[in-house]
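Going in written order, the chains are labelled A, B, C, D, E and F, and every chain counts its residues from 1.
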Amino acid sequence: MFSVTVREHMMIAHSLRGEVFGPAQRLHGATFVVDATLRRAELDADGIVIDIGRATAALRAVVAELDYRNLDDEPALTGINTTAEALARVVADRLAGALGDDARQLDGMVVTLRESHVAWASYERPL
Amino acid sequence: MFSVTVREHMMIAHSLRGEVFGPAQRLHGATFVVDATLRRAELDADGIVIDIGRATAALRAVVAELDYRNLDDEPALTGINTTAEALARVVADRLAGALGDDARQLDGMVVTLRESHVAWASYERPL
Amino acid sequence: MFSVTVREHMMIAHSLRGEVFGPAQRLHGATFVVDATLRRAELDADGIVIDIGRATAALRAVVAELDYRNLDDEPALTGINTTAEALARVVADRLAGALGDDARQLDGMVVTLRESHVAWASYERPL
Amino acid sequence: MFSVTVREHMMIAHSLRGEVFGPAQRLHGATFVVDATLRRAELDADGIVIDIGRATAALRAVVAELDYRNLDDEPALTGINTTAEALARVVADRLAGALGDDARQLDGMVVTLRESHVAWASYERPL
Amino acid sequence: MFSVTVREHMMIAHSLRGEVFGPAQRLHGATFVVDATLRRAELDADGIVIDIGRATAALRAVVAELDYRNLDDEPALTGINTTAEALARVVADRLAGALGDDARQLDGMVVTLRESHVAWASYERPL
Amino acid sequence: MFSVTVREHMMIAHSLRGEVFGPAQRLHGATFVVDATLRRAELDADGIVIDIGRATAALRAVVAELDYRNLDDEPALTGINTTAEALARVVADRLAGALGDDARQLDGMVVTLRESHVAWASYERPL
């Protein structure tokens, strides 16, 4: 099994709902460094999983829709508690869409959101 | 599949038994940067795998029992060659206990001990 | 010249005032990984610049006053454009105060705020 | 499941064949930071997956055959588009050979080639 | 004193002239992760050293002229042994030009080229 | 001003004397990732501060004398509280000696010992 990973980031405001979150229930923010890993059983005729430039552009496009925003005000995220875990799934699902036909050649994806040097969350899904 | 990872560290002395270890048979030491990854198939009602604060506190409690110690003198480690691999299992098993009921919702765990910028070891187990 | 550096982090919301900031004029957020470097010409009688535990606790106390907050609503920051550069100075000046008498033995300080894997800002001052 | 990872690097020139690569069709180069992860279900009698020194030496030997070279001129790579993905497989397969009998105790291997702070590729295989 | 640092990278082929370089006299290559630090005694009216987006764009433009190239064939580098140190100066001097009037407000610059996880070179100059 | 930095590491046991150290008064250990930065006003005829291979070999030789040891038992360190700060000076002074005539061309040196992902110490001296 092969994989390629590309990295982007986004800087968002949000608040989390639920007593478990303590002070993170207040409006605060995060830089999420976003790693998208794309998996494929065999390489294509060019010897790649996917072009790194293509993967980076698709991830950048997905991240740009969230970047520099207050996620509490995003209509598309209404009803979602925007934890790192939940956002990892949002990014992964949107990235699968953004890759379009290219996603058909892939076998799976992992999206990791690093919120600091000491904590991160991932979501893994098939393609 | 979702996961959350939290990072702590510990600074220990130890020696390793066996000719394969060469100079590491002498009493020396290590900083182990410890990453604990907790996996869960679906998020809970709060939209998380586990609260990052809760996971960090549990990992800190486990690591504190080894931190600033000479592992050669730890009664609980008698008979264990305290390699990074073996310590990864010790930390993982103790962390499973420290998480208590919270561990019941989780599907698995990976503990990684980084001993330098060029070497690390992991242990993965179900929960 | 000797120095010791300790690392903490904070997760804040804010917006920046000024056309130069483009989309960062919107309410968004950041994780700032905060490195505080303390300098001293000669070591003390214990052979240290400052106790790492003491320095970390002081930095944690300073960072805690900003962590998990919307800086646009902080009375103490009224009139300050909370760029990474400006916040580095806020943290440095507050840290000098938090160190109290310990700061008198030190010769200088650098505070670095890392906002992502590709951008960071620093402020350096004498003590 | 246990694993040990060791890190080396190599600095190579190459060009990539195929329109998808755009400017990377020109002769250029890369530093590949190479992480080799070796997996094993149970530890051996010494409490290890494999000796870290032994694993590092084997990886160093494999990497040395590619280091400081123009891969376009390497007879052994004729017909291979030397993408990070393809080179990860070359390194993994050669490392399996270099480990010799030691590889028989192992269950699998992942080789990751990091080409920058924002892109990397992996190849995973059984042993 | 304040500073802002932005990071880019470039992937180049080159060879080094001189017996001291041993195998690096052969045509090989490198990924250089490039950090440009811009210093300024006081912040401007917006509270910044320089806009991070502006600094990143200027650094990207400078790096793009070297990226995906064989530096042995670059007319502008004829007569320069393209070591990491020498390239750090090339990037710094070109960046000073690319910043144009913005450079007039700055007091100094450091450019660091990281060639691997274990070696890097810097050049510092006034502005 | 130019500089080159090379990285090595060492894994040592030690204890610290003084109440300020709390639990670090017990025998424990550390991995110190050691960065040696060598500075020079102008490059030599080869276009370098110092050959990276030469600098790495000299740093390796210095570090090897401390690696895999209990520093409490090292005759050469009798009377030294082996804090990260104090060890940074030991490494720097020994490295100056190990570089021999090469050090005469250099203007200064910084040695940084990273004891974890959240704490490090440096010593800077002229040459």
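By definition in this document, a contact is a pair of C-beta atoms (placed from the backbone, for glycine too) under 8 Å apart; a residue touches a chain by one contact, two chains touch by 3 or more.
Just so we're clear, the structure is a prediction, and the values are computed from it rather than from any experiment.
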{"item": "Recurring contact interface, reference C-F, options E-F, A-C or B-F [over half identical by residue number]", "value": "E-F"}
{"item": "Degree value of the rotation bringing chain E onto chain F, based on Cα positions, nearest 5", "value": "120"}
{"item": "Chain D and chain E: spacing of chain centres that average the CA atoms, whole Å", "value": "29"}
{"item": "Distance from the mean Cα position of chain D to that of chain C, given in whole angstrom", "value": "40"}
{"item": "Centre-of-Cα separation between chain F and chain D, whole angstrom", "value": "30"}
{"item": "Multi-chain contact residues (two or more partners), chain F", "value": "7, 117-118"}
{"item": "Contact footprint of chain F on chain E as seen in their complex", "value": "16-18, 20-22, 80-86, 88-89, 117-125"}
{"item": "Residues of chain D touching chain E in the complex", "value": "7, 9, 11-14, 23-24, 26-33, 67-70, 115-118"}
{"item": "List of chain E residues in touch with chain C within their complex", "value": "1-8, 43, 46-49, 51-54, 56"}
